[in-house]
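Just so it is clear, A, B, C and D label the chains in written order, and each chain counts residues from 1 on its own.
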């Protein structure tokens, strides 16, 4: 193990251990228990977005299959833990293995056929999610349309109360997933995937075992999505095909990763944090009164509009996502974050900590994005030589010397 | 060169606009905590002729304006997502109830504020939001969401914190073991038995019961439960009850909720040509199938529609003749014999029209919603406090008056009553 | 046998509608290299437009086509103009139009609510009328949708095969740079084609409003029909889409009456996956592209 | 025994035969020139020998081992490398990282950090050291072609296929490139060069194979092949068609 790997392992372990005791501190510090579940949901999205990104973000193969892998995970818990009485802890690894098996068998067929590259691959994975849903729908052993209630599942009580348990389970899976994503990025596998992303044929002719690398990454991606789905089944508590296999999971992981940046393991984490905190707080906003109450704008449907808008803006204008820009301008972002929080405290003193965080986060994002756009523009006008499209896009492959 | 800098500028502009929007939205989301539904805005008495919300035990409070810190009641509703159509009814009903409650003296003499979050029709979201309502927003009481999945998820949270949870229409009766959950609609503990027996009894009471029967069932948990009984136990279920009763089941098919082409299903029904069609339907399935059968020049002599969601027979016209359904409340006699309820039905209809709902009658969904609020209020007023355990005790040990009549809750029946 | 006969008729007629719903996506993808999910929103919004005119203004549902279609020709053209402006690639187009779809669905929800909207039978006599031939019934909305699909398919085929515009389109489909080098005004052709494609989507929307209830999340549910049709028919192939629509319609109908309606989506996707694996250029293309 | 040997290579696209049974050998230390008019099958042959495409028929052996069914990345590891006519760098990576990839995955199998260091050696060889940490978009065509060479050499191949490395270059750059090819040959690497500039092929090659319409029409010493009437006819014929 190289020194860098040791350091990474150490820091992940330290973060994990520190967070592990967060639920214990809930009583003494006295923060609302909701924060544990809020934290769990955030960790859930970390795991989902990171697991999607460790294949799609690195290799460039656009997969809509996340819903299927997540769904396999959820239904493994449903069938094994709820219907057959397995303890949840035993069902979780099986869920990961089944999802990985689905990913690997799909990959085995699809990656063999060169003509299924590109957008056709995206559609095959979309179709697989539909097929998995259709099978679950006709099989009464799985669901058969009745749904599965999970209130009798045997939960791991040694992990504490329900919110503590969810938080800790989510933490373990998120840390494993993100650690895997970070490790892959800096490993041979990561180099292979990034070269596949740029030019698969050339990668193969320079010795990259492209088939094997795609299989490994897709399998792992599916594995972690399945693990995370298995835990999330408990949070859903009553699973139905329409909910589990909806477009929500693939949509959110795509938006989160695109927003944060797909070429670095931190990208999905940044994206998930922004999207989850923002949508959570927007939930409350029902009506926006402007001009002293003369104009009322209903915000009921704003969540989706913001998600859609973010996706469009990021894809068109900020192709590399926020992470590279954050690295570039961390002090400006940190400053804006603080200013955002201060403004929130003055404007709405009773605002909850999450609300303040969102305010700070929006400040940071607002500073990062347009300022970078202006800088891009300035650079492209000022420089004598042709500058590349994205001046900030320092190569991140295997990155960081 | 100019072109590219122009487009760069354009991109910058788009971004600024986008984030200005988000910032604006967020500002409101946070300031909303104070602005939402203060009694001043919701208490405007739009229906001054309504005397009191029936079921609010102490009607003498009517003339006293509520005062003091507002009591905050939290809930989620499927404001967006696939259940949003029906949840909109619950929103209108709840708003109206709170408005009337405040106009009639509030709760325990204090004004009531209702915080509604959007669970997007997604159970995990509902669970997280109830967690938030109870532990972060520290609401004084909760009301259930709409939709079986979200209700089931929310109930686990309520149980964890011992909150009383009146709920409108949860259909998986057998899974609800929590003593302080109070279903409002009279579905009964075993709709997988009682629902179809009610239908078959009604058919047999006509003197000319059908001989052949077709079952077309939406693959939705509630409809599946009624049609095929409890999963993994096969207890009850309309199909087997029909067979037991000697009906000839000539067709028994299930369709996915996403069905868009009703032609083949209509063809299958026409081919089976049953005397009676039992449609385990949701939403617009009924009208869609009826229209498709119509297009084949075919009508069933009689049919049963399980859960007509809002506007069920909307726009089908004469073809809906011969269709029957179960209902807990309809805006006509005998349900409206009580003048108070007649006024509510009218007020609801007005509010629903104002909110732009296409189907404005005060029927099952709206009345169940109303009853859930009545149960909550009865518990709090009866126990005279916001203590959840006391409220729960009161509800379990007293007869509660609702729009559906007096109810006694029995935990052995999972608090379900009635026989729909 | 009547059952299967009627099911097949129903499947064939539904296939016409499926083809019309898919034509826009197929042409845009095959020729313009833009996977435009916004067509799903066009279908939905056109349906709502037709609903508004028929239900609230008392128009004959068929006549609403005249008002609805021109709007979407313009919208489709403008959208393409925007794509040309930002020089969007195939993958980016998938994501951008996905975002657009989510936004438009949300807009539809705030205007018409998530509730079901259906043209009342008093304003829409066609929903329950049909043409009878012996035991078999041909429902009016589906039959007219099918006939319209055939007419549109043939017109498009003529337009693409026999006219200068069609030649330009084909040049574009085969080699963008070459077409540009030979003086084809790439942008104008693309905008015009996108407008036409949007028109077919709008017509499909009108027929959908005529025969069933509308609700906002329909747009996403159509994925399960349109993508199989597009892949089966072959990207950019007009008659292919027509053929594939009918195949999907019939397969779904037969699966539906044989094993039950819940098997219809399964059958559709098994066919889709088999096609992707064995004939990725579609069932109806003569030669494999190199 | 020859280093690389191929027998009866057939390749069809649709119904069209691109190669109609081509055989040949490459000996250790040779510079084999592969010539022929456009569409004669030169690139197809290189694609098949480097594992980029599969032949419909025929066998290939390398250093005495049958590699017909060996995947391209294994052939690269075994010592078969190639360059592309139009350079295909990994566009999101730096120049140095481009060269690190074959060091990680080729014969050397270096750890990524070691590979990034070692890459400098080959960048110096190719005269690109000063661009090491630039994005590849900073390079011009000539430099990109050198980057292709550096990538191919990084894994120390035994055979290198050079697919029109001189196309698109100006006369000075061509002279430089010829010197570069000789330096590569001096490393002990056998070369197969596909080239349009016949003067260069003549000057560099130890032996020439001429292809036309997927068949070998002449083979031997450069002067003999160039004088072969079949070859002259193939070239003139194709010239005329294009004129």
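Here is the rule we use: a residue touches a chain if its C-beta (ideal position, glycine included) is under 8 Å from a C-beta of that chain, and two chains touch if they have at least 3 such contacts.
All values derive from a computational prediction rather than experimental measurement.
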Identifier of the chain whose CA centre is least distant from the whole-structure CA centre: A
Higher-contact pair (C-beta pairs counted), A-B versus B-C: A-B
Chain whose Cα centroid lies at the greatest distance from that of chain B: D
Distance from chain C to chain A - Cα centre to Cα centre, in angstrom: 33
Separation of mean Cα positions, chain C and chain B [Å, integer]: 35
Distance from the mean Cα position of chain D to that of chain A, given in whole angstrom: 43
Where chain B touches two or more other chains at once, by residue number: 80, 82, 219, 254, 256, 258
Per-residue overlap in chain D, given as positions that touch at least 2 other chains: none
Where chain C touches two or more other chains at once, by residue number: 86, 106, 109, 224, 260, 262, 265
Parts of chain A lying in touch with chain C, wherever the complex brings them together: 62, 109, 113, 115-116, 118-120, 122-124, 126-128, 130-131, 133-135, 137-138, 145, 247, 251, 254, 258, 298, 300-305, 307-312, 315-316
Chain A contact footprint on chain C (complex, rising order): 35, 86, 88, 90-92, 94-96, 98-103, 105-107, 109-110, 220, 223-224, 227-228, 231, 260, 262-263, 265-266, 269-270, 272-273, 276-277, 280
Interface residues, chain C side, partner chain B - complex: 2-3, 6-7, 9-11, 13-14, 85-86, 106, 109, 113-122, 124, 127-130, 132, 137, 139-142, 211-213, 215, 217-218, 221-222, 224-225, 249, 252-253, 256-257, 260-262, 264-265
Chain B - residues contacting chain C, complex: 7, 80-85, 87-88, 219, 253-256, 258-268, 270-271, 283-284, 287-288, 291-292, 294-298, 309-311, 314-319, 356-359
Chain A to chain B touching residues, read off their complex: 32-35, 37-38, 41, 83, 134, 137, 140, 144-149, 151, 162-163, 232, 235-243, 246, 248, 278, 280-289, 299-304, 306, 309-310, 313, 316-318, 344, 347-348, 350-352, 355, 358-359, 362, 365-366, 369-370, 373-374, 376-377, 380-381
